[in-house]
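Heads up, there are several structures right after this.
The same chain A turns up in both complexes below, where it pairs with chain B and then with chain C.
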Partner chain A sequence: MTDATRQTLLGSLPTSFDTGPEWLRALRGRAAEALREQGLPTKRTEAWRFTPVRSVVSAEFSRDDRGVPSLASSLPEGVTARSLRQVLQAEPELLEGRLDLGGAPTHFAALNTALFSDGLWIDVPAGTIVERPIELTHAIPTSSDSSVVYPRVLITLGDNAELTLIETYAGTEVGPLTNSVVEVDLSCNARMSHARIHENAGLQVGRVDVRQDTDSTYRSTVVTLGGALLRFDVRCMLQGKGAECQLDGAYLVEGDDHVDHHTTVEHQASHCRSAQTYRGIVSGKGTAVFDGLVVVHRDAQKTEAHQENRNLLLSETATVHTKPHLEIDADDVICSHGVTVGALDEDQLFYLRARGIPEDLAHSMLTYAFLESIVDRVSHEPTRARMREALLARMPHREEIRGVT
Partner chain B sequence: MLKIENLHVEVDGKPILKGIDLEVGVGQVHALMGPNGSGKSTLSYVLAGRDGYDVTKGRVLYKGKDLLEMAPELRAAEGLFLGFQYPVAIPGVSNIYFLKAALNAIRAHRGEEPLDAIDFMKLSKEKAALVELPDELTKRAVNDGFSGGEKKRNEIFQMAILEPSLAVLDETDSGLDIDALKVVAKGVNAMRSPERSMLVITHYQRLLDHIVPDVVHVLIDGRIVRSGDKDLAKQLEEKGYSEVRDAPQL
Partner chain C sequence: MSASTEQIDDILEKKYDAGFVTDIEEEYAPPGLSEDIVAFISNKKQEPEWLLEWRLKAYRRWLEMKEPTWAKVSYPKIDYQEMCYYAAPKTNEDAPKSLDEVDPELLATYEKLGIPLHEREILAGVAVDAVFDSVSVATTFRDKLAEVGVIFMPFSEAVKEHPELIRKYLGSVVPVSDNFFSALNSAVFSDGSVVYVPKGVRCPMELSTYFRINAANTGQFERTLIVADEGSYVSYLEGCTAPMRDENQLHAAVVELVAHKDAQIKYSTVQNWYPGDENGKGGIFNFVTKRGLCEGARSKISWTQVETGSAITWKYPSCILRGDDSIGEFYSVALSNHRQQADTGTKMIHLGKNTRSTIISKGISAGHGHQTYRGGVKISRGATNARNYTQCDSLLIGDKCAAHTVPYVDVRNSSSKLEHEATTSRIGEDQLFYCRQRGLSEEDAVSLIVNGFAKQVLKELPMEFAVEAQKLLGVSLEGAVG
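Coming up: the complex of A and B.
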């Protein structure tokens, strides 16, 4: 569906929502209302302080939702993937109470709730273990340099179900905006590995909300390779006792790119564990932001939460803002966080060069190895290989490095 | 092979080497002994081309060329090898593949064809056996999780693969027990040849029981105060550095 009319993002909000089930109209209305009241974020909005969205907020876009997202792999047995639009038309009761699972959305996520026209619902029934990963591609149509798309994905896993999902956000144009929302609902003892690759040169605002029931596990690995402006938020709500999440990320920021990762882990139940490791390399005039928040609610005793962000700055004009923070209301917890911002290790560089490795190749080897350690944590070998290739494609001397690391 | 002339080096404005003259002939093994802080490691880093060392006077000729003008990787390509006192760990970079890249960079400099994977693996197995380095260690990330002794064996393993013309071994014995010392010395001795020179830097005489040098130099406070044959090392062991320094040169 293409709408050639160009409007600002807020200007494109309809005054009323007349189609779809009652509950969806209420959700959309609530989201639109919040947007009309709060507007889109500015520099004064704390969580958006370092994200330069002003140009996006004032720009005009035309809607274009063709084929986004699409399934890039055949569907394993037992799993269903249905168009959100079709389910909302034919059996809307199946989705009632399942959208906006993290509560009332704000800002760009609210915009997605108000305006998404279609999307995917992937459901893995209880007890179903999917060995082969499901791949989703969010490829932005290149017909217009000022189009906006609102991808919406809902993933539901029943008790004891297992899924590996690979998402690729791809696009070579700088102008289009992708404003995506992915929601994940994990029932008891469900396990999900979520690999996400951002190779979109354009404007991207994305959010992943994960609700986790007892003993469920969510593993996320994000690889971000540039982007004119990328803002990615992932939030895990650990609501069932013993739930675990591991959030890893690697970002490579060059040129004038701005790449912004925010994580939120809410420990709402006891005996939950969370670990976050984000690593980034920033060069040129690039800017990277890491903002990681761990909230431990009062009843979440025996929480274990760890957070680490390490950055390499490869030029004097590169910038990193990093802000790990903890809000702890329980007393029996183990929490740690750490941040480093530095240059390549001189000792390592010299060691490689003293053995005969040319300086620029030594640089590439070390920068690649720094990020590859994140990718290395992905247990699914083909996914790991995909991420390695995506990283290598951005590296000088990739053929030489491929053999070395 | 190596000719150091009146070499003065400063680090952060502080003089460390204060006029070194040293000549190592082709096929010779020289030992450079000295107490802590005498400038031994500074000399090894200057020879290998590390940043942060200001040469304020003098020159170093290697195979007749100005060594100090060359980038570290060019020195390696020309056959200079530094065995590090503290080999750094490089997580994420495979020991064996990095070494293959290094060897092939050096071969390319000599105008030789790169070694293919099969030939390299053969070479690697043979050289790893020489220093009793387990196969599993050769494949791990560079020095990552290696014990002190394993790191030193890895240095000699790398030297054996790269077959340098001049090896500078900086306190290769430090942190080794006597068994590990013997293994390392065996590896070094197997590398001795009429074409290859070595400069063995050490604090203690015990390494020189196993790697017998042609010439021994004593470095104290940035100057070579004595030079002699292997007996000089024994005197040092018996009398200590201060007495040897103060004794008249014979």
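Coming up: the complex of A and C.
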């Protein structure tokens, strides 16, 4: 299904959209218009300052419509998973207002909105508690051809529903570009755990937008295992009183990898709580970027928001850019953020060495433990084990580490 | 909280105490900015050809530059052609030799501000290079300083007496085209101070300049240059108040510090310019470029600032740590009340080995005040064993104020260690309760808590300033709790 003609990303935007329901055509039109106006990000775009995408913007890609995520597990009872394309054809009204949760999309998300051809809609009806996690696999085309895929996922949880989702983005080739958008809509008191694993994948730009109603809870754990160019944005909009979100992330950056994580939490209602904890290990000539933002709106009193980013720099040629920022427009809040960048703790190394552990193993143990503390916070045991394995697979001395943990 | 709304409003509406205008005839340049005006200023100050060229170069660069918009401040567009770029008190024609010759009205101005020069001379042992509008009118203690070889004089004089010094260092830390406002300053700077401390000399007293903007519609463009030669030490104090005016006044100063091997510079500021009235009318626009270069090994530059005034503050005193083992410090208390907006912070650029920096920033936001901490810490590839510690806390008072924290951290060296932490909260009810229970009034309790919040910074100030700074915080914030 690969489109043989290769075009630049912006060049592939059609001048008009004439399929699908009226509202979708308008939505795609707005996204395309925004793109034509702003273009794709450059080095001068604040949010993309440290992640150069010029090569991506100027490169030519062929469109690949196989970017539909597939379910790796069977569906639990009550849960529906439908193709976006089919729903848009048969009952488009069901999706109206639900494909632009994050507001007007910009840059790569706008590109996805304008161009996605299919996707997946997972709906968990009110009161349904899904105990077994649902697994989604995004296989990145392995053709050496430069192709681009636009995966799109919509997840909706009714009141009091509960879901654990595991997403895996896998692939090994440098060349294909994955530009994904996941939207999550949580109704009152819904709870969702979202585990996302980025296996080493060529070019990846991903975005998750979450809208949260009263008393809902969203927990996200992202494990990023390198990437020639990986950019991941997650944004939570806490719109209902008492909503809570926890955004965790662990990244392992080696070689020439460039990994960029952006988190945004918008406290739009009062009595909400949020916590962001990202940890990363950067070695080789790798570059890691972290940009965390907490916005507390005028009326969001009684907000509690915390943000933490820790980085270990393991080589002379590695680079870390981090920018945890707070924008606070209310006064009855408790907010904090912290950043550290440094090398492995000499004392901890000494402790292990004094107990007869060889230096390289001690190094591996400490680096693994540094990231494992993020994975440890995942409450679902099988998911936790999956993530641990994914991390261990990238560690030297994994057998010995397995032996001691 | 228990304080009634009226009570809070009363205190929040506290008027600017130092708002008065002294009537002294001014000598103006016609409003507007052009190469002619730049030449007029240069001519007026009888500057050498090279400095005029330098100014013109800056002016041409400025024409090509755009006003920065990235700061979280909003203000009406400034019409740079509407302002006057030169104003000198007439008394300058026959410059006073001593305080007795100084215009009595001017002395009275200082009197009202509580800075009697001669009293200071005797009691505090501080040499004051007072800048009234743009021309320095009194310089004290110069003889005593000259004895040890310290140069402390107005910029215009230094250009004549020590041209080689100015030529060597002017624009060496803040290049002409560094930013929009520094380019503007470079083109039209009026006067300022020059300090040079020779090798191995510990400056025998705190050097101090009092700035005061007086004439309406004249921006003040100060230029300060401090050079500490090998093994020397100097502490410099800068403080300012301004009379109440309706038009927005522009201030775009440039401060350059150079610390050679083993030298130390301590630069302290208490800034209390007119912040505008409670509706945000009037007030000073303060766009300042301050940067220090730790040029030599083991040099140290320390910035301490207490920012309570100005309608808009745009200010990032920075340190370039080039020498091995050099140290940069930044201590700041910034307060914004009413409609004040402050976007301030620092930049620490680690280039040398074993360089260390400390950033302590305390922001207090009340009323409709907006406060942003914007800081950058950069550790370059070669800065082995560099160390940075950053702490920036914000205190919120009232539900209409805002506090933002925007730290940028770039690390390219694995042996370096960097920590950043920040908190934002309002005054704790339990803290207030504790104080009230022990018989403190609500106002005293808040003042106590705010001063405690800022103590880490205030203790870095020289004695003379610490008292004033504490008073300023108290006056601006007593009971401003909601």
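To be clear about the criterion, the second predicted complex is superposed on the first by the 400 of 405 C-alpha atoms of A that agree within 3 Å, B and C clash if a C-alpha of one lies under 4 Å from a C-alpha of the other, contacts with A are read in each partner's own complex, and residues count from 1 in each chain.
Quick note on the criterion: a contact is a pair of C-beta atoms (placed from the backbone, for glycine too) under 8 Å apart; a residue touches a chain by one contact, two chains touch by 3 or more.
Given the structure is predicted, the values throughout are model-derived calculations rather than measurements.
S.K.: Examine A:A170 and indicate which partner it touches, taking first as chain B and second as chain C; both and neither are also allowed.
M.R.: A:A170: touches no partner chain.
S.K.: Which chain, chain B or chain C, ends up touching more residues of chain A in the combined arrangement?
M.R.: C
S.K.: Just chain B (first), just chain C (second), both, or neither: which does A:A343 touch?
M.R.: It touches chain C, and chain B stays clear.
S.K.: Would you check which partner chain A:L313 touches, where first means chain B only, second means chain C only, and both and neither mean what they say?
M.R.: After superposition on chain A, A:L313 lies in contact with chain C alone.
S.K.: Would you sort A:L361 into first (chain B), second (chain C), both or neither based on which partner it touches?
M.R.: The first partner, chain B, only.
S.K.: Answer with first, second, both or neither: which of chain B and chain C does A:H321 touch in the superposed model?
M.R.: Touch status of A:H321: second partner only.
S.K.: Given the complex with chain C, which residues does chain A contribute to the contact?
M.R.: 46, 298, 301, 311, 313-343
S.K.: Which positions of chain A touch chain B when the two form their complex?
M.R.: Those in contact with chain B are residues 345-348, 350-359, 361-362, 365-366, 368-370, 372-373, 376, 400, 403-405.
S.K.: Under the touch definition given earlier, write down the residues of chain C that touch chain A in their complex.
M.R.: Contact set of chain C toward chain A: 70, 379, 381, 394, 396-399, 401-426, 482.
S.K.: Going by the contact rule set out above, which residues of chain B touch chain A in the complex?
M.R.: 48-51, 71-73, 75-77, 82, 84, 87-88, 90-94, 97-103, 105-106, 109, 141-142, 158, 162
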